[in-house]
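Okay, got some structures for you below.
One chain, chain A, links the two complexes that follow: it is found with chain B in the first and with chain C in the second.
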Partner chain A sequence: MSFRKRNVGLSSPSSQSQAPVSGTQSSLIPGVRPSPLDGRPTTSTGTSSLDDLLGHSGFALGNSLLVEENGTTEFGATLLRYFAAEGVVQGHSVHIVGVGEPWGRELPAVVKTAGVESAKPEAQTAAEKDRMKIAWRYERLGDFGTGPSSARAPPAVNRTPTSAISSGIESTAPTAFCHTFDLTKRLALLDGNRLNYIPVRPVPPDVSPFQSILHALREHLASSSSSTVHRFIIPNLLSPALYPMQASNPQHLLQFLHSLRAFLRRYSTQLAIMMTLPVMLYPRSAGLTRWIELLSDGVMELSPFPRSSEAGPPMTASGSATAQEEIPQGIVKMHRLPVFSEKGGGGTLGDDLVFTVSRRKFVIKPFNLPPVEGDAEAQRGEGEGKPTAVDIDF
Partner chain B sequence: MPPQTHHQRTQTLLLIQKILSKPESSPLTLVLDSVEQGAAGLVKVVVGVAKASKTHTIYISPTPLNAPPDIDTHITSRRKTPDTLRREILASIAQNQKTLLILSPLPPSLLKPTCNLPTYLLSLLSPTTSMLLIHHLDIPTPTPKNTHPYTPAPLPLLLYTATTILTLSSLPQHLALKRAQDTALAAPLFGLEEGREGVLGG
Partner chain C sequence: MPSQPAIPPLLWSHLQPASSKGSLGLVTSVLGASANWILLRQIYAALKVPSDQPVEATAVILVSWLRGLEVWKDGARRLGLNLSPNGGITCIDALQSGLGLQGDGIGEVEEVLLKAVDEAKATSTRILLVLDGIDFLLAATEITVEDLLDCILELREHVHSSIISASADYPLIQRQHSPLEVDHAAFVMSIAHEADVIWGVRELDTGSARDVSGVLRITRGPAIERNERVPGEDFEEKELLYFVGGDGGVRVFERGS
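Showing the complex of A and B:
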């Protein structure tokens, strides 16, 4: 750096024009940013805590994520809806297999950023303070390395368009990477072309039902420009309600997954695939499920807690400590991470993680055991001595 | 009793009351019964409630012998192909009338690999038609031949498709278990675990 004039502020306009952003082409596409680890283009899953888990502070393009779900709940579908809604908001081309238009109508709406700021003013100021210390050119790479257990400001704040614009980088392009969605509101689809539904056509018993899907996907990928990002969503793969019986035949299914993998490698900067699989019908011990896992780049498993059963975890303890915290609704296990290389990619494989779905968000965080239910008497004994705020509320 | 347990119990009671009194609240109810606790009593209650709410009840079983007396229509499922059975059932469903189908038990012809069980069951249902499906846990479901090994078995498929699952167990057995637990005795065994040759106690 000896050829450069000294004592010149880094944020001067002259140096701003030479902002060295790795992957210049990918940075122009909305909703795509380079990974802080190795610069590969990543996009957001629509769930910021899942983005952090995936290691590159985003979902690396050219990869597939398999969400296995135990039981008959629809938590995996919520993740898929976030993924689809994020794609719609960013202007990506979203393809949905098997389900019809009613599925697409239930995408969650974006929460106005103003609401987020007013909700967390202290977090905002903390983020502002933090930003002064980081070199500004790393800032748009997101909160790398903070992980789900981080005590720092929530990552969503750093990604709001207003803060990105105020920092002076790319004031024309919105750099919001991951939006916040409200599950109770419906996303207004301005033009129906953004969502593309690929039906599973009924076929004779010996023919693979996946051929027509692959054909449709191939056409869409070939006909689009090289700067279009495609999100391919497969809800409830092999579910008997959507697929014919022969779909679970390894001969058909493995061919389909291999073809998807070929697409992912060929369009490695344009395509991201996310799918869910009912593990209740296809248990993880079965050979077929193992093959599906091997042919997917990332594998995570959701195991919801049984609701309102006595065997369930005593989360709603009478203690006031758990009152503010949301009750976890199930366990998350990461079995495999996409792009897990020697450069890192997250060390969250072994952690005990839980997920919580509330109106606003799907959060994955480390699991901490709450106080034992049996201690309720002891807690009450303390409470009688000195009335707390909770007691007064009652 | 802690207030939370009380709340849970009230919720469970209300829920089961709603399921039993309004068949349309759960389109596909699966009842798992066994030799020790049959579903006959439950079916009788459901049929009685359905009759009170002017719901047309169709009972589908191999023979009319064990059918409850209050049902409106009986259809024999013995020696019928799935398509014949479906045609017969759909013919007896009146338009715009609440109908309750009771399959006791699931005809074995539906477990053949050529029949897509969830699709078949869904084809019988409509907004005014709901179904009560009785499955005997003691009778092993034959593994369909000529299929590849990864096809889901019929019972997991039913469990996955059903909107309500009721598992029946015997009240005297539970009382005996609780009595043994309260006095710190070894829990008594019932049914096959009892190990008595030729006799089914409990």
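Showing the complex of A and C:
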């Protein structure tokens, strides 16, 4: 008897919508949803595979993410642009430090019919409904335990443009959490969601160049309503092109990061920070870089493979255009995860991850060595094996 | 509510010497392995003395430079601790207040902490002082290693026992190129030589594993012999593995078990 009643309770939320937890205040703010783990508000980085990697199926507000990049590539900047574009689309207040308007004009546009998770039509196949009933809440919990490995397929399907196109529903639903962006198109900035550029002002050599930045951020946070979400973006921290020489003085820099951390904790439901650091100039073996990392909540390192586009063909001699897209472009290392690492957790951080950037997505996934060249059977197996492996794991 | 005991059994015997008079514990952590959970369990052990021991209840003063109060409250709640003066814990949020960063620097730190110690003495004479991330002051201000060590020595004279946590990442301890690195190494080494017990957490040397968060090494500090403090008879230097779950629960176990 009681078993039957529970069944009724379970089916009702899934038939209404896919919002993980209903009734909390944070679910009313666009682009914010509670973590399936502990209910803390999270927002999207604009990159769904990165959201999944961060453990709460989103980027927990009140945290910072440091993206370190080796080499002279701009993959980290791509992540920042996704983060900024997602904020603009969600109507968040987006602040960018050190760079001017040209940076903001480069934001990628939303793929029109993308990423509607909750606005699925009623006319679903019975099988699909069944799957959702059982699994919609566990899928994400599974993500946490297994890291970025396999069980991601079902939510990813919901986000892909094709499924939305087939449903024929416009993507303007405010409940979309993570959008898909097209790097080749430019986001049209409306007056309502203009980006806020915070310049690095020239100062005398013995004064911290960060004071004015902190001041500007403090004013914005204090003057906004408590339901405004702020995204604070620091591209290329300490880059000599943007910052004066004294910026790398530990006293100026570390006090600045410490103050940012204080802001994050004080406005723990309103602020998220993402920054990139060129580790070519500030190597990870240096004490200063380690302190920058220690003052960040999440630390990820991108190491692009040192090869250009012409090196691609050998690995996918028989591959089609789609297979070519899957060629990993670099290694991702997670050194620290927001929230989880602060509690003392670790262990899942050292997985071998790779990233792939294509026109419409920045994907981070586990690294598997490709089959040996000429091993046709294995190559065919790779192409077909992937979806089935996902199914089995699920 | 937690299925496992608040203090993993393997840790109990090692928590005892840290609570003897004048003792100093050093807890070191690295980027990928945070040590909050150990600090919380040491606070727990200090507060929840078994009832058969005729000692006065301890008051704890916790100062944290790197972590907000919420994290501490969250972790303490899981252990059943009340992170407030009523619960025997005075918390000083040096992240928000920027204690020691402006103005008088180390003088301000000493003043604020001595005041807190005086206030805590109203409830108990047995005070445990926990300084979390005080090494940040060294990196981010003009405070010198000598100033900081002097301040810590002064504070230790006013409390029953103390615990200091600091980062022991390779770039901060081993490299010693820049002044920042040299100072950090000097500070951590000096504290280590003063310590009775050293708790070091680090990532697993052999790579990552799903069921292991890191390695905990518990070492006898030089001060134990020097001060002829007799640690618990079952105290032995140990290297253990631990796992912190997503819910904050902790399991500590021997290698191979």
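The rule we apply is simple: the second predicted complex is superposed on the first by the 266 of 394 C-alpha atoms of A that agree within 3 Å, B and C clash if a C-alpha of one lies under 4 Å from a C-alpha of the other, contacts with A are read in each partner's own complex, and residues count from 1 in each chain.
We take it that a contact is a pair of C-beta atoms (placed from the backbone, for glycine too) under 8 Å apart; a residue touches a chain by one contact, two chains touch by 3 or more.
None of the values given here were measured: they were computed from a predicted structure.
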Touched partner set for A:241, first chain B, second chain C, both or neither: first
Which of chain B and chain C A:266 touches, first, second, both or neither: second
Which of chain B and chain C A:368 touches, first, second, both or neither: neither
Most chain A residues touched (candidates chain B, chain C): C
Contacts of A:254 with chain B and chain C, given as first, second, both or neither: second
Touching partner for A:282 - first (chain B), second (chain C), both, neither: first
Partner chain in contact with A:184 - chain B first, chain C second, else both or neither: neither
Touched partner set for A:223, first chain B, second chain C, both or neither: neither
Doubly contacted residues of chain A, that is, touched by chain B and again by chain C: 250, 286-288
Complex interface listing, chain B residues touching chain A: 2, 4-5, 8, 11-12, 113, 116-119, 122, 148-152, 156-157, 159-161
Chain A-facing residues of chain C, complex: 31-38, 65-71, 75, 95-96, 98, 101, 136, 139-142, 167, 169-172, 175, 177-178, 180-181, 184, 201, 203-204, 207-214, 242-248, 250
Chain C partner contacts - residues on chain A that touch it in the complex: 37-38, 55, 144-145, 147, 250-251, 254-255, 258-259, 261-262, 265-266, 268, 284-291, 293-295, 299, 335-336, 340-351
Contact set on chain A toward chain B in their complex: 72, 240-241, 244-245, 248-250, 278, 280-282, 286-288, 308, 310, 316, 318, 376
